[in-house]
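After this come two complexes, each holding chain A, first together with chain B and then together with chain C.
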Partner chain A sequence: MSVELLNFIETVLNGLMSGVMYSLVALGFVLIFKASGVFNFAQGVFALFAALTLVGYQTGQVPFAHLINELFGTNYHNWYASMPNFFAILLTMVTMIALAWIIERLVLKHLVNQDPIILFMATIGLAFALEGVGDLMWGSDVKVLDVGIPSGGSIWLEEATIGLAAEGSDYYGMYVDVLNIWATVIAVILVVSLALFSQYTKTGRALRAVADDHQAALSVGISLRSIWILVWAISGFIAMVAGIMWGTESGVQFSLSLIALKALPVLILGGFTSIPGAIIGGLMIGVGEKLAEIYIGGYFETGAIENWFAYVMALVFLLFRPQGLFGDKIIERV
Partner chain B sequence: MRIKQLLIGMTASVIAVSSYVEMAIADLKFPMLVYRTGAYAPNGIPNADGFVDYYKMINARDGGIGGEKILHPECETGYKTQVGVECYEKNKKDAMVFQPMSTGITYQLIPKATADGVTVYSTGYGRTSAANGKVFKWIFNAPVTYWDGASIAVRHILKNNLGNIKGKKIALVYHNSAYGKEPIRTLQTLSKKHGFKLMLLPVDHPGQEQKATWLKIRKGRPDNVLMWGWGVMNQVAIKSAASIKFPMDKFIGIWWSGSENDVLPAGQGAHGYKSLTFNAPGSNYQVHADIKKYVHDKGEASGDGSHFGTVLYNRGLFQAMVQVEAATVAQKIHGTSKITPAMYRDGMENVNLSAKRLEELGFKDFAPPFKNSCENHGGSGLAAVQQWDAKTKKWNMITEYMYGDSEVVQKLIAEDSKKYAAEQKIAERCG
Partner chain C sequence: MIYKETGQYKSSYKSDHAIFPLLQDKIAFSTLMFVAFLIIPFVINSYWEKAILVPFLIFSLAAIGLNILTGYCGQVSLGTGGFMAVGAFSTYKIMTYFPDMNIMIIILISGLITAAVGIIFGLPSLRIKGFYLAVATLASQFFLVWLFNKVPWFYNYSDTGQITVSERTMFGIPVTGAEAPSYATYLFCLVLVVLLSFAAKNLIRSKMGRSWMAIRDMDIAAEIIGVPPLKTKLSAFAISSFYIGIAGALYFAVFLGAIEVTESFDIMTISFPVLFMIIIGGLGSMLGSFLGAAFVVTLPIGLKFLMVDMVGLSAVTAKHFEITIWGLLMIVFLIVEPHGLARLWSIAKEKLRRWPFPY
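This part shows the complex of A and B:
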């Protein structure tokens, strides 16, 4: 095979892997939108908050330490030296469930039957408030997140592909980050679990019923509020997974909340109501932007076209298929 | 009615008296444009803490500058240019100096501050040609500029290649902003001079995703990579370089891409990464002992004190020290402790931080000496290379402070400032 072709395959592979990372964020948006019709602007901040909390538990950081020390003249920083990953993740999950409950109690409960734009605005407020709380609780230093997921280029793939190039060509194998392979495996497990949960459990069916029609679901005795708490909790769990993956790659810091911007074109392309759409959309955006950046980017004086190119792709889909690839068709009956 | 009038009168008197007291106590205003929130906060906080701790120490140890206390109101910019300009407008009255901590904000403030008669000090960042004091009367960027930085990095590469880099490939990974684009012109000139090929690789804000950039590096196989990054861009770039097994000792960042924050997330992978610097790391200097004694031990540390001695904290100390020294010089020149913004500018232009003066200020061996003049607002142009040791988690200086290619840099500065002077109809000064 020619080196050019192998490089092209490498770009596609890496695009797919990046796409999975985007899908992890997009999944949380889809779940909440399906169940409550709310576009949760705070999903990126959820991922940040979960990652901050996880590192906080791992390292034994005292929450609100700065505030406590300032108010009471104390000097508390850490409870303990470290906590095993399993317990730290478990505690973070509990925290995200508690957060979902608090959001339902303080925000959603008071906004039932309001226009979607009001709920959207509420999530914008929530995003900024949660970012502030995260800063107060855990501080804004860059934190190292390590839950034992390996990262770095896959040596196995490099060695396996080095021989594919034509003899005498200067090729040193294909590159894929092991962290991204893990993200792919985790995303597959997540999607399969979500599908099984919504298909074969009573709660899952109730969740689908609420997603289809709030009024009808209420009339058969499904508690809208418990379903909302459940959905926000699951979405918090997905945010934690996304936070772990992105945080392992870049360290945990406040720019993590901006990963939500990466999920937007994925949602436009895949549809706001489809879990497979979030995955396929992510893969398409990932591959599209990487190919554009590497093969077309050079023709633009400024370069760095991948960010806006993803939105161009989404816009094109929006023009021809406003509901996205897998989204429910919008039919307004008069 | 009388009681109401009495109460209003008393309130007005209290406000008037307290304002007077405030003015009397804190009459040298050094407004701070900071970013303690947002995507760039991990860099903004330690730097701002360095500034605040130094000002507090001067107020506590020396009773201020020449007996005048320093007032240092903070305005949060979030590293956003528009907000930075608003902060400037809000705080410019009676301000001695502005340190924008962003090249984008600096570019916006250059014409405004020039018109308002306010000093802008962009320490080792901002518009490089502002080093030409003949054109940029109110703007200072000492001790070293980005164009010096680019040529110092190339000089280091030259040294490691026995003076010959003809045919080599050097990539520049840069923040796609005014800041990141600043060295391009110099590197293009240097590539013609030394015969190396330049690869330009922009990374959009914030730089959380850089896979395509590093695939291009893997494909293009540059011999060296330079980086002009900030915030999360640095961490992701260093981690990505380690991931594709790019030799870290051939990866050099500018001085804003060389803090502990940038290398720690990559763990052992960051071992050997290099960056330029114009100040030393660590906390074994007299200034640190004084800050500990007069600020930290009294529970007055800015933030939780955890950034003490880190690269960006130390840079904040250095920046604040130069600003305070400019006020001291201005007081001496004009024979009064109550200096005006115009007098302060004169002080900044006559700053002379010799080795002896640095020692007196508690900065012995902390940074190379430099002096400003009417013609030169860019300082000495000296920077050194430091290297990260991931095992000890410490930066080590691996070279002496060195000059860049002044022949190339000075020519570019003259060209660019001449163009600016023509656009803005500025007559050159300094005789």
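This part shows the complex of A and C:
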């Protein structure tokens, strides 16, 4: 195989893997949108909050330490040295479920039957509030997150692919981050278990019923409120997984919440209401972005077209399919 | 008692079509204009100018612009920061190419350029709606900021990527640059805001404004009764961008003086706050744009005073608190009064009409 072809394969492979990361965030959006019709802008901040909380539990930080110290002149920082990963993740999950409950109680309950745009603005408010609370609780410095997922280049793949190139060409093998491979595996497990859950359990069926038709679901005795709490808890869980992956890769900091903006083109490409759409859309955006950076980005002397390329790509798709690739067909009546 | 319309008869079409049909409104408005034009310029100092009045005026313009698009025409836009950047950078480029041109003309031309850009980015709105459109307008935000950040021609190949305003005068008094006196920058913004607000108010009451509202309320029905969606939506995009562009030009030339595009026109510093303004103020209300802008501009100052000066928190913690309170306030507002401050004002008027004899 020629070096160009191998490079192309490497780019596509890396694109697919970063696409998985986008899908992870988009998945949380889709779940909430299907079940409650809320376009949850706070999904990215959810991921940030989960990652911050996880690091906080792991290293035993005192919540609101800065605030307490400044108000009372004390000097608390940590109350224990460290906590095993398993318990820390479990505790974070409990926190995310509690958060879902609080959000349903304090926000969603009062906004039933409002315009979608009002609900959307409320989730922007939620994003701000949650970000502020996260910073107040755990401090805003950049933190290292390590839950034992290996990272760095895969040596095995590098050595395995080095022989594929033609004799005599200087090819050093493919570079693929092990972390991304793990992310892919975890995402596959997540999606499969989600599919099984919604297909074969009673709660899962109730969830799908609510997604289909709120009123009909209510009339057969499904509690909307408990389903909403459940859905927000599940997307809190997905946000935690996304937060762990992104946090391990680039450290836990404010910019983590901006992955929400990365996930939006994925959503409009795949359609707001389709779980397969979120996954395939994520993969397409991931591959498209990486290919564009290498093959088109060269023509712009300035580079860094990654920021907007995904959006333009999604827009072009939208012009042909206004509901996204897999979204429900938009039927309009007067 | 106080706000009573009985006894005020309208005997001509002109008085029926007045912007302020009631005597009380006329009195209130003229008092406001009197204070704004004849009292404030004499007592203004640099702090009031930089911290409250000028940003309030500029953001009112931006809010009016976004309100035309989102509140009156129903097209949600998250690209305000990008369009303000277009206004700022066109001002900068025109200033460098035509050093003798009057600043007022430069700013109006920048508005027209932004309107043209707005039409281009409004084209997808003909095909996509709702949240899909909101996300699509994010594309304009990211693309425009990237463009001004990465193409050196726009910032005249300066090393820092910053653009800096040079001094321009109106009637011999500098209104831009570091030497401009407080009253001059204030009056310059005020004149533009008052004129453009009247223009906007009248546009909204015209055929064009009514067709915007028809498209907002139900676009298919509007199309069937003969409102052309292409013309209506694109005109809303153009006029909204014109206002936002002028706001951006003032933000750069009069208010900040020197800007760096990724910082000053970020989605978090411009696009969302302006959207808050129109939601907190009231979607589809001129008064709401002003109330929202005033609220958004003054709240951080009040919060900072309360937390740093009164309680004694450090600046960082206070900043975190501010973000939290912002978020909570937005949620509370949306729950308690989704129609914004403008609705509260009309409820107050309703109460004042009968007060103090409610029955």
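Here, the second predicted complex is superposed on the first by the 332 of 334 C-alpha atoms of A that agree within 3 Å, B and C clash if a C-alpha of one lies under 4 Å from a C-alpha of the other, contacts with A are read in each partner's own complex, and residues count from 1 in each chain.
What we mean here is this: contacts are C-beta pairs under 8 Å (C-beta built on N, C-alpha and C of every residue); 3 or more make two chains touch, one makes a residue touch a chain.
Everything quoted here is computed from the prediction, not taken from an experiment.
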Partners on chain A (chain B, chain C) - clash or fit: clash
Chain B versus chain C as contact partner of A:I222, first or second or both or neither: neither
First (chain B), second (chain C), both or neither touched by A:D177: first
Partner chain in contact with A:S140 - chain B first, chain C second, else both or neither: both
Touching partner for A:I186 - first (chain B), second (chain C), both, neither: neither
Chain B versus chain C as contact partner of A:M93, first or second or both or neither: neither
Which of chain B and chain C A:A65 touches, first, second, both or neither: first
Touched partner set for A:L325, first chain B, second chain C, both or neither: neither
Contacts of A:A129 with chain B and chain C, given as first, second, both or neither: second
Contacts of A:T11 with chain B and chain C, given as first, second, both or neither: first
Colliding region between chain B and chain C, picked from 260-268, 278-286, 296-304 or 332-340 after the shared-chain fit: 260-268
Overlap of chain C and chain B interfaces on chain A (superposed complexes): 66, 135, 140, 302-304, 307
Chain A-touching residues of chain C, taken from the complex the two chains share: 76, 124, 127-132, 134-136, 138-139, 142-143, 146, 150-151, 218, 220-221, 224, 267, 272, 275-276, 279, 311-314, 316-317, 320-331, 334-335, 338
Residue ranges of chain A touching chain C (in the complex, touch as defined): 39, 66-67, 70-71, 106-107, 110-111, 114-118, 120-122, 124-133, 135-136, 140, 261, 264-265, 267-268, 272, 300, 302-305, 307-308, 311-312, 314-315, 318-319, 322-324, 330, 332-334
In the complex with chain A, residue positions of chain B that touch it: 36-42, 45, 176, 200-204, 206, 208-209, 211-213, 215-216, 218-219, 231-232, 235-236, 239, 242-245, 261, 264-265, 267, 269, 299, 303-304, 306
Chain B contact footprint on chain A (complex, rising order): 7, 10-11, 14-15, 17-18, 65-66, 69, 73, 77, 135, 139-142, 144, 146, 151-153, 175, 177, 246, 249-251, 253-256, 258-259, 262, 289-290, 293-294, 297, 302-304, 306-307
